[in-house]
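The following blocks contain the structures, represented as structure tokens.
You will see chain A twice below: alongside chain B first, and alongside chain C after that.
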Partner chain A sequence: MNEAQQAGLQIDWAGLAPMIIVFVAAFLGLLVEAAVPKGRRLVVQVSLAVLALAAAFAAVVLNAGKNSAAFEIEGVGIGSVVLDGPGLFLQGTLAMLAIIAVLLLAERRTTRGGDFVAEAAVVADSAADKAQRREDGATEIFPLTLFAVGGMMMFVTAGDLLTMFVALEMLSLPLYLLCGLAKRRRLISQEAALKYFLLGAFASAFYVYGMAMLYGFAGTVDLAGINQAGTDSGQPRMFLYIGVAMIAVAMLFKAAAVPFHMWTPDVYTGAPTPVTALMAACVKVAAFGGLLRVFNVGLASSAWDWHLILTVIAVATMLGGAIFAVTQRNIKRLLAYSSIANAGYLLIGVIALGEAVGQTMFYLAAYGFTVIAAFAVVSLVRDGDEEATHLARWAGLGKKSPGTAVVVTVLMLALAGLPFTSGFTAKFSLFTAALQADELGLVIVGVISSAILAFPYLKVVVLLWLNEPAPDAPTVNLPSPMAGTVVAAGVAATIILGVAPGFLLDIVDQASTFLNT
Partner chain B sequence: MNELPLLSALVAVPLIGAVVVASIRRERADVARWTALGFSGLVAVIAALVAIGFDYAEGAPWLQFTESYAWVEAWDLNLSWGVDGIALLMVLLTVGLTPIAMLAAWRDLDAVKRSVPAFFALILALEAAMLATFLASNVLLFYFFFEAMLVPMYFLIGSYGTGPKKQYAAVKFFLYSLLGGLFMLVAVISLWVNNGGVFDWQTLVDTEPMAAGTLQNWLFLGFFIAFAIKAPFFPFHTWLPDAGGAAPAAVAALLVGVMDKIGTFAILRYCLPLFPDATQTFAPWIIGMSVIGVVYAAFVAIGQTDLKRLVAYTSIAHFGFIGLGIFAFTQASATGAVLYMFNHGLATGLLFIVVGFLAIRRGSAQIADYGGAAKTLPVLAGIFLFAGLASLSLPGTAPFISEFLVLFGAFTGNEPVAVVATLGIILAAAYVIWMYQRTMQGDRNPALDKVPAMKRDLTVREKALVAPLVIAILGFGLFPQPLIDAVEPAVDNTLLFISGSPEDLPAAEGVTNE
Partner chain C sequence: MDEISYAPAEGLLSLAWLLIALPAFGAAVLLLAGRRADKWGHWLGVATIGGAFALALAMFSSLAGLDNKSANLDLFTILSVGDLDIEANLLFDPLSAVFCLLITGVGFLIHVYAVGYMSHDPGRRKFFAYFNLFAAAMLVLVLGGNYFMTFIGWEGVGLASYLLIAFWQLKPAAATAGKKAFLTNRVADVGFLLAMFTMIGALGTVDFAEVFNGAASLSTGMSLAIGLLLLAAACGKSGQFPFQTWLPDAMEGPTPVSALIHAATMVTAGVYLIARSHVIFSLNPDVQTAVVIVGALTLLFGAIVGCAKDDIKRVLAWSTVSQIGYMFLAVGLGGGAFALGIIHLLAHGFFKAGLFLGSGSVMHAMNDQTDIRRFGGLWRKMPLTYATFAAGWLAIIGLFPFSGFWTKDPIIASAFAREGWQGWVVGGAALLGAALTAFYMTRVFVLTFHGPKRWTPDVHPHESPAIMTVPLILLGLGSLGAGGLMASSVTTWLTPVFGESHEVHGHLSHAQVTVATTIVVVLGAGLGWFLFRGGTDEVPHAAAWPVRAARADLGGEAVNRGLFERPSRLAASASVAMDGRVVDGAVNGLSAAIGGTSRRLLVMQTGFVRSYALSILSGAVIVVAALMVVVIQ
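What follows is the complex of A and B.
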């Protein structure tokens, strides 16, 4: 400490506060597991997680307007953690979405003891596995979630590739574990976890290799330095190409872009639905936050080199996601492919660079709330103890549970991008920014993809309202206080951002400039 | 000019009505019916106030009763309303047909176990959205309602429609319209990007139109395709026979009578003033499409076996006339086209409603299920014939005036086209008369005697609801001048963009509440 001070290291503790709060709360959560009696752990863990995330959000708000590095030596910022408009906005978005996701994780009314088991690794359907299914679910999921969210908050503010890698691992590892904890359909859940882990580890390897290449090219892992090297470096440009490609592969994997999307449908289906909600909303925000920063801060100078290939990926992602969504018969798989298509729209924002940063962030926030609510509804529609995810089971839901059907209809129309929902405002602002950046072709593909994607959404609406219910139709588990709150919050955000988006548009407008661009 | 925010009320009242009616419990169907009717009556009264206060003089401001409230400033999206003569006619048509359609569907839902309050709430929501598209004077605001309108109509067709293909028809309608709307969205965004972030219609019209050329052509196409699907023009029409055939007759009357007019209305309101050069570039093609549509749809109509589908096809033929009238760019033809939009709403609305009367009695809209029905249903048959004759533009009925004006105007501009289009009149006579003959005249279909309802002629409610339409068709057929007076200034203003001297436009005035 003393040496550091002598070296003139200044640390912006207030700026780091959001992450510190979340991580400290995560460690406290681990202590809770050891110290608090089993019966009270759930209440303590949930309150701890929610309070920590709320405090982190408050800390982000207090930091608003900052535009500096968190660590400085002799007044010169070193890149590891950067507190700028996009970083802070995305941290705030993550905290908000995570609060909602935690509430969904805490829902115990739908299944006795919650949707989770205590040990992921027990052989599926063995005697031990059956025994643990009768018990209350693990409360370790809350500290795990906090670690993941803390990692995401770090990911979106990381200013160099190394910090970013640490954050990437920190957000990924708890998620791998969370995916394997589903109480029902244990085998699929374990498969999802393993698949996600193996492919994720593979992607991480790509990342490290790409980082090495970029270091070889630029002589630094600092994003701003890499950008500088894009014009100055005397090293062979092949290092840059390989490095960009490898880093992009790893990040596009997390963002679920075609052709790195293969894991998405299986993992989204196999993971416990609240975890899927967390991934669909928060991981998407983190992944695109990282992509925005890497391409805007680190690779803007080499835009000519990657523009074409990223455009191809965006087109493939938009069309692939939409077309595959059409044939899905499982609501979770449908939402998974829809999330892939949405990754394609968001890639337009990445490709458009500086013009579209704010609008991409707006899209992330709008989409996050809608998709969390959608998965929350999925967790409520049940056949006995199990979620009724097959779409045929949703037929005629409008007759038996009109309230739920109205909610699903609103969410589907929002995902389809109809006016007066956040889906429209998000698409409108994103496409506007893209046109200003002269990306007309991508916008047209985006529109065609939206039209294709409207069909599966509409299919859900048709099922809900126009089909007759089966005699043993699933029940909607209401009232489920936690999940109900999640749905209400998500739908409220969807409508508010559709009808009165002005305030958030102003915020992202002010928060759209990265430090060092 | 005025203190009361009448145009806002025109949109808000049916919207509030929709919420109120939707919240009525399902068992209290009658309360829901009367509440909905009350709200639609209130809307009609407000529209009448607008019509009374409207300044019909030449040289009066183009948009009147203007209001503007800030909404999303970042996008120049304001709640801006304004009405010109064309919109006024469309508004009157909407507020007139809506309560009539409600009355027509009054008891239709008794047989099927569907929620009555939801049905009437959806009709009110549809009315609000349609009125908003006619009244919006902000391009993005128009787009909002242009798309939002699909939702209530989708449920009205899919949930309350008849026949085995109703879901297919509803989805086809929705996706077709959404696709058109998305092309328009690209054009809307592109317009916004290229004109420095302006969506206000008046501002766009007052400024110099964008340079002729590629961009204007693409923007025109983006808008036009959306409107051509909505109208629908040949060859974008394939959704309409399905939707019109599957929708309940009263809803079909609104769909074809009013909603489709939004397409042609929007062409006049947006395509001509905003993209005048592109409009002229594409006009020959569109006229060609219109004429093909007139003849083709008439032939297809002759071959239909389902009454509702037949009426839907006749409408496609009529939309061909409207397209011809607009793109012939003469004052007479364009005035005729606008009158056509109004009169077609009356005539086809009536025709759909009468077909609905028949279908609900017989339980089928297949022509083969009828035959000699006039014997037991003389009054209904009479109205049916009247509606058919009006729809083939018999002199003395309102549609005659409009069709005559369109052909007259087109003839002065382009003789061969007018001659081919005139063929459409003959074909119209063929499908109408033959339809009437196969259902009402000739040998009595013995199956009809087994259906007790086929002996019950029009009830008091049914007579009461067709009476205003019959009176209007005859009245405007004999005295069309008030309609022409209302429309002509707006038509002249619109055509100024094509003839190339928009600086003669009257100045805008009105209240602005920012």
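What follows is the complex of A and C.
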């Protein structure tokens, strides 16, 4: 018997397995970089990443139904990692979305060598940089992605602020790096990475400061303990409020809520499109998983205090994202602003607390699949070697590449929230839940915002089908099975969750209760 | 009444889905394969319907061996909400069996004919795709085991009919006719939908067996409502009064379409619907009277207008309207007459398909002209077409021993058997209709094939190729013999569906009716022959008001124009004005406002990290301040 067991520490290894698998695979990926010859690295890395994520998903499924802390001393849970319904569901969602994102990262056919640079350290636009455009992209992106995804999986199950902070950094750092690895438009890509890093660091500082305040108030960083302190702590409530505000700012930054959203369009546009897809889908899931947990578990007792300001932020985010999106001319920027507006809808789910946890998670899953497929399609439409992201270039795509245009149309209709797509079921169930939580005002704003946001999406559809293509219109590169799978899976999920959402709604319904609420 | 139950399908009968799947597969392949299938597509179309016919024959004989004569095949659940379950199930019983044979059998012959008829049309593959689609939808209609399935087929045939009427869509008349057929049918289909909603409201189901078994518990008002709504739907699909106007216009489609869809099968769907719902119709005498009135009125209406038309296909179309009137009359009379209506429907399917294909053969020979005033003396040039058209002519006017004699006379006799003054009125109408039918059909026949040649100079009539004449001959044989063969056998065959039929006795005996009918038919035909033996003027001459009224479709178009078109146009232009000024104004103003706001606010998106950080910082300050405000309060 070792010391830990003597101290009565029990560790739920099976419960930790998903994260362990992903992290171990990430480290193995680093070894692969050192040990496997260059030509074979891509195959090995992609298989390793996909297998690890699939295994992690399987492990999550095996854990389904758990409602306990992963670490217990003498039967009493320590909050650092919590295995409960929302945590497990979001871990599973992350694993699924990450598999798809990895396939997109691995796409090599649409452009030679892929979207990633071989040597990131080469000075942009120098002769060496031009020379390396013909080389295959770096394969370090796969272990980096696995680290980020592992961090996200930890983030959504973290039960105390400290673990959450570690997870936050773990998911952020690889992403900063990944943003700067685009092979084309190197300078914009590097600028995006730097902006994301600086602002991310800025936001992290807020987080640490808020954590300190909350510790001062509650004497613990455990979320359940903070909640308890909200009702019976003798400390001045000032600490609580400053703490809540700072933590909220940091997390709303990751979630891209107005006015903490400004990095989003620049980073989404500058990052390589597969990385943008990863951020739009997975980081969104992680950020809102964290927000849901912090507000439901840690701050439910002080709901009256933060309700107003969070409502204001939600309204600003919904309207701001939608209004900004209206005048966008670049598909990646359009999707970025739409992601901001969607953060607003998701905030309704956070504000509605327990009533809407399941529906918020459903929304995250539905949105994740759609948005990954949307970015995947963006990476297929090309002017020569570069992505044709300017919307004017997409005019008349329906005539030249009807298949792609149909896919884009389905995705745009889903993002606009039309019936028979997942976008509709997700919004409908989320807004219904919010109504049950007496958030009528937010729902009205949400519907207005959706109506505004439908305009730019439908404009894309009009552009695709009703305009004449330019003589030098971009070509749609035939994807390899990799990106093909991404698009197919995203579109299939979009339609299935729109037509027959019952099974997933049942699952989120069962998985909607946090431990310790 | 006995409980109605359908046995589960076994053995060969469980392949009922394949009947639908075959033509549906053909349609899918032809549509998806695109131009690649241009060379062989039509043969695939013929093969799938031929296969379906073979299967229908085999299923027909295996159904004959069953005791309860029914087979129900559950496929999957379409909808399950609360207490309402809608299954996708197929019902193969004697009624659907004879329809399947008619659709696939006559359909097969017309498909073969169309291979020749459409051989010079660049859109032949598309034509066969739609044709197969129609066959699949029609089979869903007659095989559906509940009203919802029937409705799916009902809408499917509507779609196929629209596509095929407007097949030559670049011809304005064809495009307009397609639209007209579609819109008229949509209006009538509302009746079907409302009938289903009423069933769901009153009985909680649309399943045939459950509806029929529960029908006895319906209140009089409910059964009246369901019956009248179903009747409205049936009238729309079958071109009955007051929805008759679309059917003659539908002749703008290729002639095989007129033969298959607008003569033999789809337009008889209304009769099928009433016959299938005979339990509901038998419950309420008022509904039955309504059906009888519609039938009697329409059969006269069609016959009168038919006398005044000069377009060979339009005469045949009005004659279809009129003959379906006879079928409605029969199924409205109820009891033993249900089977009579179905038998007349089957016989009509043969001879009317034959007549239409014959007219197509004539058009083929005459450079696609349809004006009977420019025909004449064609019997020498196209003897096969002449002989088969003659068979159809004899069949439709109903002289002994041809088809119509066996199927129309019993309907007239049953009409006379109705109680009280109604019997005299309805019977008299049916008898008058028979005389008119004999007159106008003889007119068409004589003007087309006999008398002096009145051809336009550029035509060189010739007999059609074998691929067109062989189906003609087969249908001609059917016209001659089918009625006599079916008269007793099909009545017995349909007994499990409609119950035992009893000999009816009324104002006139069957023998008296037969004699009277034969006399009026001979008179009508004789008059027609005498008047038109020497041809006719090539321009319409001034005529008395009945002829003028008949030429104007008895005012049907004028009513439509005054009652629907003009108010609709007014409403349309009003809403266009509303849309243009008020709605668009508001929308454009709003979008300009949002766009402007968007551009103004986006100025904040400077691209500088310092301003982004400032935004975050000010956001944080606001959040903290807001929370502090709460404290102070």
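In this section, the second predicted complex is superposed on the first by the 513 of 517 C-alpha atoms of A that agree within 3 Å, B and C clash if a C-alpha of one lies under 4 Å from a C-alpha of the other, contacts with A are read in each partner's own complex, and residues count from 1 in each chain.
Here, a residue touches a chain if its C-beta (ideal position, glycine included) is under 8 Å from a C-beta of that chain, and two chains touch if they have at least 3 such contacts.
Not measured: the values here are computed from a predicted model.
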Message: Just to be sure I read the superposition right, which of the two partners does A:Ile323 touch: chain B = first, chain C = second, or both, or neither?
response: second
Task: Check whether A:Trp263 is in contact with chain B, with chain C, with both or with neither, and answer first, second, both or neither.
output: second
Message: Just to be sure I read the superposition right, which of the two partners does A:Phe202 touch: chain B = first, chain C = second, or both, or neither?
response: second
Task: Mind working out whether A:Val312 is in touch with chain B, chain C, both or neither, as first, second, both or neither?
output: second
- prompt: Is A:Phe455 in contact with chain B, with chain C, with both, or with neither (first, second, both, neither)?
  reply: both
Field: Touched partner set for A:Val244, first chain B, second chain C, both or neither
entry: second
Field: Shared chain A contacts, counted only where both chain B and chain C touch the same residue
entry: 455
Message: Which stretch or stretches of chain B touch chain A in the complex?
response: 71-75, 143-145, 147-148, 150-151, 155, 158-159, 166-167, 170-171, 174-175, 178-179, 182-183, 185-186, 189-190, 192-193
- line: Residue positions on chain A within touch of chain C in the complex are 194-195, 198-199, 202-203, 206, 237-238, 241-242, 244-246, 248-249, 253, 259-260, 262-263, 265-266, 304-306, 308-309, 312-313, 320, 323-327, 452, 455
Message: Could you list, by residue number, the parts of chain C that touch chain A in their complex?
response: 591, 594-595, 597-599, 601-602, 604-605, 607, 609, 611-613, 615-616, 618-620, 622-624, 626-628, 630-631
- prompt: Which part of chain A faces chain B closely enough to touch in the complex?
  reply: 413, 416, 418-420, 424, 428-429, 431-432, 435-436, 440, 443-444, 447-448, 450-451, 454-455, 458-459, 462, 465-466, 500-502, 505-506, 509
